[in-house]
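Listed below are the structures to be examined.
Both complexes shown next keep subunit A, but they swap its partner, so subunit B is in the first and subunit C is in the second.
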Partner chain A sequence: MSKQNQIPEVDIVVDEKAGVIREVKDERKLRSKSGHERRVNTAIYVILVLMSVIWLAPFVFLVFQSFRSYALESGGMVNYLLPKTWSLDNYRWLLSGESNFIRWYGNTLFIAIFCAAIQTVMVLSVSYALSRLRFKGRKLIMNTVLVLGLFPGFLTMITLYFLLKQLGLTQSGAIPGLILIYCASSGMGYYISKGYFDTIPKSLDESARIDGATRFQVFKKIIMPLAKPIVIYTVLMAFMAPWGDYVFASYVAFGSEPNYNVAVGLYRWVNVNDYQGYFTRFCAGGVLVAVPITILFMCLQKYYVEGVTGGAVKG
Partner chain B sequence: MASVTLEHVEKIYDNKVKAVHDFNLQIKDKEFVVFVGPSGCGKSTTLRMIAGLEDISAGTLKIGDRVVNDVEPKDRDIAMVFQNYALYPHITVYENLAFSLRLRKMNNEEIHKRVTQAAEILGITEYLARKPKQLSGGQRQRVAIGRAIVREPAVFLMDEPLSNLDAKLRNQMRAEIILLRKRIDTTFIYVTHDQTEAMTLGDRIVIMKDGFIQQVGTPQEVFDTPRNLFVAGFIGSPQMNFLQAKLTRKGDAYAVEVQGITVPLEARHCAILAKKNIQPMDVTLGVRPEHTSIRFDDSTNAIEAQVMVNEMMGSELHLHVITAAGDQVILRHPTVDLTDEQRANLVYGKKIYFNFPGKVMHLFDPKTEESLLNLD
Partner chain C sequence: MTDLEFLKLSGPAKTAWKIGDFFRRLPGKIAGGCKKLGLGVVSLFKNFGLNIADLVQTFIHGDWKTKLSYLVMGFGSAARGQWGRGLLFFLFQTVFNLYMVNFGVAYLAKLNTLGTIETYKEGRRTVYGDNSFFILLYGVLTLFFVLAFIYTWRMNIKQNKISEQILKSGHKLKSTKDDLKSLADEQFHKTLLALPTLGVFVFTILPILFMILVAFTNFDATHQPPSKLFTWVGWDNFRQLLSSDTASYGNTFKQVLFWTLVWAFFATFLNYFLGMLVAIMINKKGIKLKKLWRTILVMTIAIPQFVSLLYVSKMFAADGLINSYLLKWGWISQPIPFWTNAHWARVTIIVINLWIGIPYLMLIATGILMNIPADLYESARIDGANAFQMYRKITLPYMLFVTGPYLLSSFTGNINNFNVIYLLSGGRPLSLELSGNAGYTDLLITWLYKMTVTDTNYKLAAVMGILVFVVSAVINLVVYNMIPSVKNEEDFQ
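The block that comes next holds the complex of A and B.
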């Protein structure tokens, strides 16, 4: 009796056409299952919407503030969200040349592009070498670099400052100084692109070498076109780090206003200068900083995702 | 077109593992040589050393008269076909074929001529504009071969080129490689783990195991006179049967006693044994499945056995039987000689008899595993 109870309740029919015995699920159960699914989905979407609101709120706030009229309303913090008068006052002022903003923007762009170029070359060549060549100490180098990479960069802040000072690369020399700092350890970021290169079969290299290519030609003509996603990922990462950096930029350029980058310059407006007079301008500056990054991401999104996942899932 | 000479070539990996031991081989110009052996026997490593993809730890490698130990792969005048095709996925078939020619700075006209010619030989003209991804396995294999053909290399290396294809396609491509070889007539070195490929393709076969050459010879030679137990078991399908036996001698006449029967050796073999002055001893007897004959009721001078498995292959039967002494033996018998009744009777447990003539027997020393019937 008890054994019979354990048999699951299913309807079984003989499908004569197919000549098999089939299990037929109770339709009522099917419906209730889809109802359950719908409830779960709703819950998931509610959570997702809440999360995106939390994430987006600061940006929306920033954008609203940046469009508040400087002439007609306060330039500082106010207790309402939507501007009473929409205007481009803040942007106009930033781009008018009255402020150092354009110069800072230029500094940052220069540093970021320069770093992106150098870092991309360094990262990709280091990763390719570690992925393809076998030499003494390869494992040791890889592990050491990995462990070193776990320490936060600012641990070396004070040492770096004095080193740069001796070389005359602080204050007025801040721009080359920063480029040096950002690029110096760029080879250490080999990990993701090495993972990606590892997924490209070695026999392609070998085949190309037999076909008459030098190591560099293999890299240029075979590996690079195949590694487009990871190249783009590397460029993006290399561009973004100096573009948004505050910590290093703030102390290397300390006191030399024309050599600030955007982040430092904007921050010093609200922090040191007149907080009430600069807040909306600060917000407008923030929006302008976000523009190139947003465009870059929109255009390269497809590759970016491929790059990250491609490196992660080793084929 | 060139000969390839390997003298005392060795490969020792960084972790001190010795993959190839004292490899000596002279490959003649325009010869088709097949390296065959189980995985890990060093056949691919040897090929990769010839290609220049692996360093040579010791010994000399010559292509033609030139020592190429330290010559870059691109300067060795070789072409290689890889097991996984190694086509460049981002460029078209045409560009794949043209890749090596472009690197040689050949003019476009000549490139076009060679590429279309190779495509024609291989029947891939209509796929030239496609990317490798859009091709089937067999087509990709053709492109890989085409990429090697356009180079007109002195030596053509192939590393298990057919092992990624399904059985039917493999047979077809095997035949095509034989035709291709007739057409482009150059030196071929071919690596495979499949003894059928080795037998059908090679002018000479190099059988390897654990980094040592076991035997070098024409397919007929290695089949007829395997030098040792390993070669005997590796070449031929189904595998050769091995039985413990006793060698007896009366003057210059030798015979083998096995499982209750006595089979005299033929004069040719007796002469060899007598010349080596072999005394009566325990031997390992090898008999190929196709060299046995089945008896249904005639037990005179035949070994009794019980059928375990009957594999019907169509034109022939593979009978797995177990002898009264408990040894498993495979018998291969053409189905055309059997009556319907006999065929129907060959089921599990059926008692049959089998024997074999003296001339098909292979004798091996159980200790050294070397053949006793080889003179040298």
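The block that comes next holds the complex of A and C.
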């Protein structure tokens, strides 16, 4: 690049004097800057690669250890990473029905599907009402939710437990009980979707109203089709949350093993039971939980990013 | 201080002035708040008086249908042809009366003692006495029911008055069909909000009120219904948690609160700045594979925390992978006490939380960074600003302005960040110096959880919940008054 670049520079120097000399200097500065730039970029690449390694390492390790042979090696924690004998022992054990793992998985899936359906309806109704409709008590509702949000969630755990117990929805009824708890107050999480509705121009509603549409028709025929991204975001969030809930699930299902969700079951393997015997099984279970969810999440990543960024900007 | 003087100040001085200003204005604000509260109370009484007057007036001037509605709710509406409304009013009244006669009155009567009849054994049979838990819970519920009834009754009277006026002016009343139709139109918000409001009321508001009341009782392991009664004890529990006698929890509370705030500070701001840095690096011109870097980071969000955090926690255990390899390579001779030494555990948690938090912040920052007008940078470059100056004068102020409310909510969120602490360290290491089973990495919220689940010390858990609320509320109030982007909701739309 140097030769080709230098020729016009020389030409310019010959043609015009004072101003052009500075231009040559600038060119040189620019070139040195691009050297600097390259160094900065290299440094950034190094950092990014390092970060990627750190961020992915636990998952790669998790997968490695899930393939360690239970029968020939050890099911506990060992001081090396790569299994000496690769095998599917742990997966086979999980899926053989010897443990309650399949049951737990089914429970969680069941809860997640129901929550995704019910919560989405709740959240969208609340956020639509608060964003588009003006009525008495609207501000009061928003302020109440704000204040309620400042109370720690577990404060009410005992009360909820006894409420559910009254309804017969603990222990053996834990699954419907959990669905009820997750969904009942889900309307409070309206911020992000309300923020989204706020960005849809109001003129759309108004013109439809002038044409004689009722508010319900506006909601169904005009806003909903436009709100597809936020609907997907809400469904995704509602579906993913039950997979990670340990606290309420363990409290509500306390002592009734067939009614655990995966989080409770696996947590108890490593933290309550003898974890040296269950560690690789925990890893395998973790992989079985994480892989489908990660794939789902990655497919819908676009909507997630949209929701999260939107939510942060609008508070 | 004028704006110009303020602008001349250096960065730290500006912040200092702002904080000072907040406290200088505080007395005024408190006075203003008190005045508002006073006016509110006055207007409340005024309103009450007006309502009573209106009730009397309506009764005197109303026709016989209206007069009968004072006793039988919905009679007026039904008699004037609004069957739907009338039936609903009447149903509500019937349910309310039945409830009050069968349960409500009994619960209300016992609310002041929370029950007096002990459970006892008669031979082998247990004879159950009062259940304080249900007396308190249903007592509160009944109070709400009574308030709701008064409100509905008042509405029923108002309906009559309005209907009379409409009929007098020669117009027609809305039929039941019209009412139903309006639920999809003018009253659509009622349709949308009915179920969510009911859910929030029963499963959030009622339990929170109940727990606030529990904070004033002696409900704990030794007073557990149904076999034992509990009763009101006033402010005793607050005293026990806050005073620093040897028998109370005051010292532990102070330590846990201190760590909670330190944790929330680091978890919020370290994540924020590092996440922003990562976003800037990925977004930099000339960096390739932007999508790949982002995807790798985002993957950690997808994996349920109980898998990733539990695994990472085991990685850092004394016999975990990290210690094993460091030992094998001979870099250390003793396992590093990641989870058994208080300082190590705290630092480890904050560092691991970076691993959780940076991807979120990276995503958020990326969205905002792209919105910063490029010509700002262009003109800065022409003026000869270097990368760091541009960051400090353009990127950072813009980011802070836009994400101010987010920072605040994430700070409160971190005060209540249960998962990270519980799954990583479970609050350990424990210590004899801390009472109530608390450990050095326990946040108020995880301590609350332990009190509920392990100690069944519900009364102190309730007090702690209230204190967490107070801490969050104070921080929110203070910061909200200092944040520049005081949001006007309609403006944004």
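As a convention for this text, the second predicted complex is superposed on the first by the 275 of 315 C-alpha atoms of A that agree within 3 Å, B and C clash if a C-alpha of one lies under 4 Å from a C-alpha of the other, contacts with A are read in each partner's own complex, and residues count from 1 in each chain.
Going forward, contacts are C-beta pairs under 8 Å (C-beta built on N, C-alpha and C of every residue); 3 or more make two chains touch, one makes a residue touch a chain.
Since we're looking at a predicted model, the values are computed, not measured.
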Subunit C versus subunit B, contacts on subunit A by residue: C
First (subunit B), second (subunit C), both or neither touched by A:A117: neither
Touching partner for A:P225 - first (subunit B), second (subunit C), both, neither: first
Partner chain in contact with A:V63 - subunit B first, subunit C second, else both or neither: neither
First, second, both or neither for A:L109, with subunit B first and subunit C second: neither
First (subunit B), second (subunit C), both or neither touched by A:T294: second
Touching partner for A:F135 - first (subunit B), second (subunit C), both, neither: second
Contacts of A:G212 with subunit B and subunit C, given as first, second, both or neither: first
Partner chain(s) touched by A:L81 [first = subunit B, second = subunit C, both, neither]: second
On subunit A, the residue positions that both subunit B and subunit C contact, one per complex: 214, 217
Residue ranges of subunit C in contact with subunit A within the complex: 133, 137, 181, 184-186, 188-189, 191-193, 195-197, 199-200, 202-208, 210-211, 278, 281-282, 284, 286-287, 293, 295-308, 310-312, 314-315, 317, 319-321, 324-325, 327-328, 355, 359-360, 363-364, 366-368, 402-403, 405-406, 409, 412, 416, 418-419, 422-423, 426, 444-445, 448-449, 452-453, 458, 461-462, 465, 468-469, 472-473, 476, 487, 492-493
Residues on subunit A engaged by subunit C in the complex (per definition of touch): 37, 41, 44-45, 47-48, 51-52, 54-56, 58-59, 61-62, 77-81, 122, 125-126, 128-129, 133, 135, 138, 141, 144-145, 147-148, 150-160, 162-163, 180-181, 183-188, 198, 202, 214-217, 219, 240, 243-244, 246-247, 251, 263, 266-267, 270-271, 275, 279, 282-283, 286, 289-290, 293-294, 296-298, 301, 304-305, 308-315
Subunit A-touching residues of subunit B, taken from the complex the two chains share: 14, 51-53, 72-74, 78-80, 82-84, 86, 88-91, 99-100, 103-104, 147, 151
Partner subunit B, residues of subunit A touching it in the complex: 134, 201, 203-204, 206-214, 217, 221-222, 225-226
